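Here is the structure we will look at, set down as structure tokens.
Each chain gets a letter, A, B, C, D and E, in the order it is written, and its residues are counted from 1.
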Amino acid sequence: MSDKKIGDVILDVKNISLSFGGVKALTDISFNVKEHEIRAIIGPNGAGKSSMLNCINGVYRPQVGTITFRGQTFGHMDSHQVASMGIGRTFQNLALFKGMSVLDNIMSGRNLKIKSSIFMQALRIGPAEREEIMHREAVERIIDFLEIQAYRKTPVGQLPYGLQKRVDLGRALAMEPQVLLLDEPMAGMNVEEKQDMCRFVLDVNDEFGTTVVLIEHDMGVVMDISDRVVVLDYGKKIGDGTPDEVRNNEDVISAYLGTSH
Amino acid sequence: QAKEQFFPLLSYRTGPYAPNGVPWANGKQDYIKMINARDGGVNGVKLTFEECETGYATDRGVECYERLKSKPGVALFDPQATGITFALTEKVVNDKVALITLGYGLSVAQDGQAFKWNFPLMGSYWTGADILIQHLGKKEGGLDKLKGKKITLVYHDSPFGKEPIPLLEERARQLGFELAKIPVTAPGVDQKAAWLQVRQNRPDYVLLWGWGVMNSTALKEAQATGYPRDKMYGVWWAGAEPDVKDVGEGAKGYNALALNTSGTQPKVIQDILKTVHDKGQGTGPKDEVGSVLYTRGVIIQALSVEAVRRAQERFGKGKVMTGEQVRWGLENLALDDKKLAALGLTGVIRPISTSCSDHMGSSWARVQTWDGAKWNVGADWYQADEQIIKPMVKAGADKYLADKKLTRRAPTDCQS
Amino acid sequence: MFYRENGQFKTSYRADQQILPIRQDRIFMALLLIVGFAVVPMLASDYIFRAILIPFLIFSLAAVGVNILVGYCGQISLGSGAFMAVGAYAAYNFFVRIDGMPLVVALLLGGVCAMLFGMLFGLPSLRVKGLYLAVATLAAQFFADWLFLRVQWFTNNSSSGSVSVNNLQVFGLSLESPVAKYWFCLVLLAVIALLAKNLVRGAVGREWMAIRDMDVAAAVIGIRPMYAKLSAFAVSSFIVGVAGGLWAFIYLGAWEPAAFSVDQSFKLLFMVIIGGMGSILGAFFGAAFIVVLPIALNLFLPAITGVFGFEISTASVSHAELMVFGGLIVWFLIVEPHGLAKLWAVGKQKLRLWPFPH
Amino acid sequence: MAFFLETLLGGLMAGMLYSLVALGFVLIYKASGVFNFAQGAMVLFAALAMARFSEWIPLLGITDFFAVNALAFIAAGVVMFGVAWVIERLVLRHLVNQEGTTLLMATLGITYFLEGLGQSLFGSSIYKIDIGMPKDPVMILESTFQGGILINKEDFYAAIIAAALVALLSVFFQKTATGRALRAVADDHQAAQSIGIPLNRIWVIVWCVAGVVALVAGMIWGSKLGVQFSLTTVALRALPVVILGGLTSVPGAIVGGLIIGVGEKLSEVYIGPFVGGGIEIWFAYVLALGFLLIRPQGLFGEKIIDRV
Amino acid sequence: MSEPKNIVLNVNGIEVIYNHVILVLKGVSLQVPEGGIVAILGGNGAGKTTTLRAISNLLAGERGAVTKGSIELRGERIENLSPADLVKRGVVQVMEGRHCFAHLTIEENLLTGGYTRDSKSEVAANLEKVYNYFPRLKTRRTSQAAYTSGGEQQMCAIGRAIMANPSMVLLDEPSMGLAPQIVEEVFEIVKDLNAKEKVTFLLAEQNTNMALKYADYGYIMESGRVVMDGAAEDLRTNEDVKEFYLGVGGGERKSFKDVKSYKRRKRWLA
């Protein structure tokens, strides 16, 4: 961990508040994410973790607060703009494109990069075809790594839950984002599979310098691989620091970890 | 090989227009059965038929046409729907088979020099509209009395309903009455707004250009908005039993054009009852025989058969006629009172005589009134005013020819 | 003669991305094209051409268009009839008002007008979804019905509102004979279907499907919902518009607005669903089912009942036809809810495994 | 002014009748997430049954006007129950957990089937339902306005019957456990099964209720228009009503009906003449669309949920 | 199992095919004793969910079918019963991926769970019980289920099943998406219900650790077959299980950070 070069703040979340009718999902949350780090967000169910990602992503519109990404500050932006700025994302409740094959799902992650016009695509000659193949190669590498070669052409709806999670990750990776937001990527996996997943997150982080924001309930994973951890509870931030600091934080223990960990 | 003249029967026994389509189709079938049973066909040529369900839809009608047109011995087509007529008008030219549209279809097709294959026998919407105006004029005591009157046309929003408009506009200009037009969206089950407008305008007369369910609905709405039924005048497609039956008393006093009479007295109907229905061979229920649309079906079929007979007179008795030969027959129909009597049609229709330039043959009609239980046909026959119709037909036909880059038939063509 | 992909290894992604990666399929397709272009014209009768093949081709084309919108992009549309009407009437106006306008150009321009019309009525899709969107498209349908009945200009001031064309030619060749019409439709269909297939298997197609399956997630990976939806409306209504032109010019020859009524819209939607949503092949199956089945029933029901010794009245035939048709739709859905195309795929898969059951 | 009021009233009453048909759609959609395309065919089928039974029953020697109508209504109701049962047995049961479009398609198949069956059992002519509705108009407020305001009595009674039916069903859905179960089924067939909701029974019940609603609608429309095939097209008129009110809302069906009814009549009467008339159908749809742009789920519909 | 107690559920060599062509289960047999807690373990795609669906008869909706073998509940063949009949016999499934009724509120979801219970008071009591187990649900009772957090939905799904007063519950990945404490709570609840109310459990779980801690017996599945079964303690100490399912191969638990998988890593970098 020490040899890793953690850079400046890349994503800065300031005073975010979000409520739905009477439910306060987030209250005045501020935290930042530095380039190249793995930042975990933990907290009990309903604490507002997913909502936090949704705010960054432009899916929800926070009532108060701003988000700064690489120097650009915004209160709200459309999801596709956020995506084009380089923020990728996986979902807690699978949000795959059910009717499409695994290959197409992951390919769709690269759509932002496709340049040929609709006419060229219809004719599919020369550049359009070459572009398609180039992206296909990139996608195949991801498929290879995630070990889902065998399912390439299967409609994702027919895959077991765990594999769907992998496809979801593959789709986000295909975007080659600078910041990757992962919402419980390892739910529903056994230890071996979690190890694979961790290995993978670490690799992306190491080799490409992709910054990772990770929501996870498995404390083993969080403590082992994250650089810093934010803890939310009932929409409030109750802790922020290195895994060790967080582990020993009284509030965190009582709100979330319980004594056994 | 047996000698058989084949009649393709396009019809609709399902869908929104079935109540009117069914008796029409039954009349046609029964007439054919009767001719075979009574006369053994036409000069020994047996008549056969096959029915094809169009559901009043143009595309299905075209399919039926394509299927049946190449059967051996095809005589002619009666599409039973304005929309199908339009589509077939383009096709019959190549296929060399005639299209009869008795009382419907294209008004301009009366001009046989432009429309070689179309036969709007006995009347078009223009003649019908003209006769209605004449009747109203007579009621008022002279056509000039129509000046300043308000006449409202409530019409089926389709080419069928729109056909009479040019003539009515022409007449309105001439006679100085005020013409309002209220379209009713097909099939015409919702006319509340239309009749609210009628109530607002309080016209002196309402002309009803409807078909199928639109007619009875119009009568019901008229009743509900208190518009007097005896000031309503329908076209001959709005003057049959299905149009008034379920309105009953509410339709009392309503008038409509009569292209033909109804009832079981005519000999032809008696013959059908005797030779077909009494043998248990009737197509539909017996009590429907002789109703307005049934009788119209009989007439259409009778004229078709007469066209075949006429063609045989020229091209060889006892032979099966080709489509072209039947067309000649249609163009040279000459049914005077004597012939009509022989056909058993005395009093049902007026004599008909077609020619190369006139494919209609007769433009006479009467007005009938519903008394709550049956149709009573008035005594006066009206003929559409040639002076008005003729130039309009000519102009329309010329425009058609010009649009299509076609020319009129040469006089020699009329001989063939 | 086994249908297997064993032993056919793909050495490049280009090869893997072919429309038909399996050799047997390619052979089959080639045969099909030969049959379509050469064998059928030798064998088919006039009636088969005019009443079955030509409508089948035109409806297939329209169904391909509708499938792009409904099947691929997930926007339920009941306005296809309107798009056809716009295509037909626009083509008609270009054709008769501009002297020497070539038929193909008129048809394509008709398609372009339909495209603009489609995009206009597609705008609500940015906010309104699912069945609710059906209302927007129905609005288009009824509006077009009304427009072409009411505004005389569109019908070249014909008094009854019906219009007709004749003497059609392409590149100097007459389009009067049924075979010529058939070829013309087949060529247009083959070209457009190929382009459509390319679209749906490319990036745009993925955008459409992504929007269909989960629009929020699609936006999160950078797909612009507006672009995706409107492009689907545009492409779809263009194709449907061209099909409308063909329907009017080639099949009907003379028509009134009722030729493109809401029934037509429903029919097209049914083709897409029965054939298989999100499948170009399905469009063909669906068109075949809806065009051919009623005719077949009409022909065979009397014969069948004749075999069982009772004569069936003409009215009963038409009623029975409705019932059998309805019954078959339900039966097919129970056997395979994802349409005939899926049924076909499952069949092929079984064939691949054959003679082993799984 | 008088004419405006007249149009308004006419629109309101027409709207109530649309609501009656719309209600059938809402019921089935609410209970199974199926958009029941066959609603129009069911209205026709029910009306045909009732019309023909009221012709046939007198043949048995019963002639009392009230008894004939009551018996015909009951007989037609029984027929509709049978239809519901058969539909569940042969169609819905086999399509559990399929997507909305598949089920929509199935109801299309049912439509064709019912149209064919209805016409072959009961005939395809125009038949009459006479439940003693007064046909002639009455004038009210004749002292205030010259000529008075015309009210169509038949529409008026029909509107009252419709309103009563709608109110009854709203209560049923609002609080009862069955109402809740129906909504659960609409959300997720499989989950509903997994906790023991017997889909089959629920569906039979709902289709029976929808059948009765169709019967009432068919009876009223039939008495107004005569019973024949075109009754199925009232479904298309009711569609903007359902959508405007919200596919899942019973009260929405009423309010939607009133808005559409008034909107289309006023537009036809006041705007129509300037553009050649015949605009009410598309105007109704455009009106509904206008509301949807503000509330995409319809006025009272449940919010469309898309959450990630 | 050494000496079988009363067997409630006996699955005998079943084979399941999806869509007429995809063979997923290839002869799976398992038994669940009265009052037991039995776990099915196995990786993604092993067929756990399919097995549970086969038992609860929810396969039809997925276009799957049991083509061979038999399933008996207390000696009665149940393949042809409807899911509703099974619930009447006390068998309830908690489906994978929650499947809450999105438009219903949490409370309505729970009340719907009591659909088969006729007595109002019983339903009310059950509701109280569920709220006791999951206090979080009580605070969210009026929100529509779709708008609650993933964990809340999971609680709702489990609570909804409890509302039916089942004698046997099929739990599909109950721990997924739950915070660690809650996971423990859920398993405690399972234990509780098992001990106090004699509810039998069959659970499919990825969290092998937890599952084996609470279960009496376990089956391990891989690609559609049962590859190993045994008492929970035995499995816990089995070396292979330790290595692959508990992540403690070779004694110490490895840090997630240090597990290397060179093969894959290399390929990814290529």
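Observations on the model:
Basically, a contact is a pair of C-beta atoms (placed from the backbone, for glycine too) under 8 Å apart; a residue touches a chain by one contact, two chains touch by 3 or more.
Quantities reported herein were computed from a predicted structural model and do not represent experimental measurements.
Overall, the chain located most centrally, as judged by its C-alpha mean against the mean of all protein C-alpha atoms, is C. Using CA-based centroids throughout, the chain positioned farthest away from chain D is A. Averaged C-alpha coordinates give centres for chain B and chain C that are 37 Å from one another. Chain E has its Cα centroid 28 Å from the Cα centroid of chain A.
Look at where the CA atoms of chain A average out and do the same for chain C: the two points lie 41 Å apart.
In whole angstrom, the spacing between the mean C-alpha positions of chain A and chain B is 74.
Residues of chain E found to touch two or more other chains are 22, 147. In chain A, the positions touching at least two other chains are 59, 91-93, 95.
Those residues of chain D in touch with two or more other chains are numbered 98, 115-116, 119, 124, 276-278, 281, 307-308.
Residue ranges on chain A touching chain C, taken from their complex, read 57-59, 78-80, 82-84, 88-89, 91, 95-100, 104, 107-109, 111-112, 114, 116, 118, 121-124, 128-129, 132-133, 136-137, 140, 171-172, 175. Per the touch definition, chain C reaches chain A in the complex via residues 12-14, 16-17, 195-196, 198-199, 202-204, 206-207, 209-210, 212-214, 216-225, 231, 235, 278. Within the complex formed with chain B, the chain D residues making contact are 3, 6-7, 10, 14, 115-116, 119, 124-128, 135-137, 150, 152, 154-155, 224-231, 233-234, 237, 264-265, 268-269, 272-273, 276-278, 280-281. Listing the residues of chain C that touch chain B in their complex gives 45-47, 50-52, 55, 96, 149-150, 156, 159-162, 164, 166-167, 176, 251-259, 263, 294-295, 298, 313-315, 317-319, 321-322.
Against chain D, the residues of chain E that register as touching in their complex are 56, 58, 60-62, 82-84, 86-88, 92-95, 99-104, 108-109, 111-113, 115-116, 144, 146-147, 160-161, 163-164.
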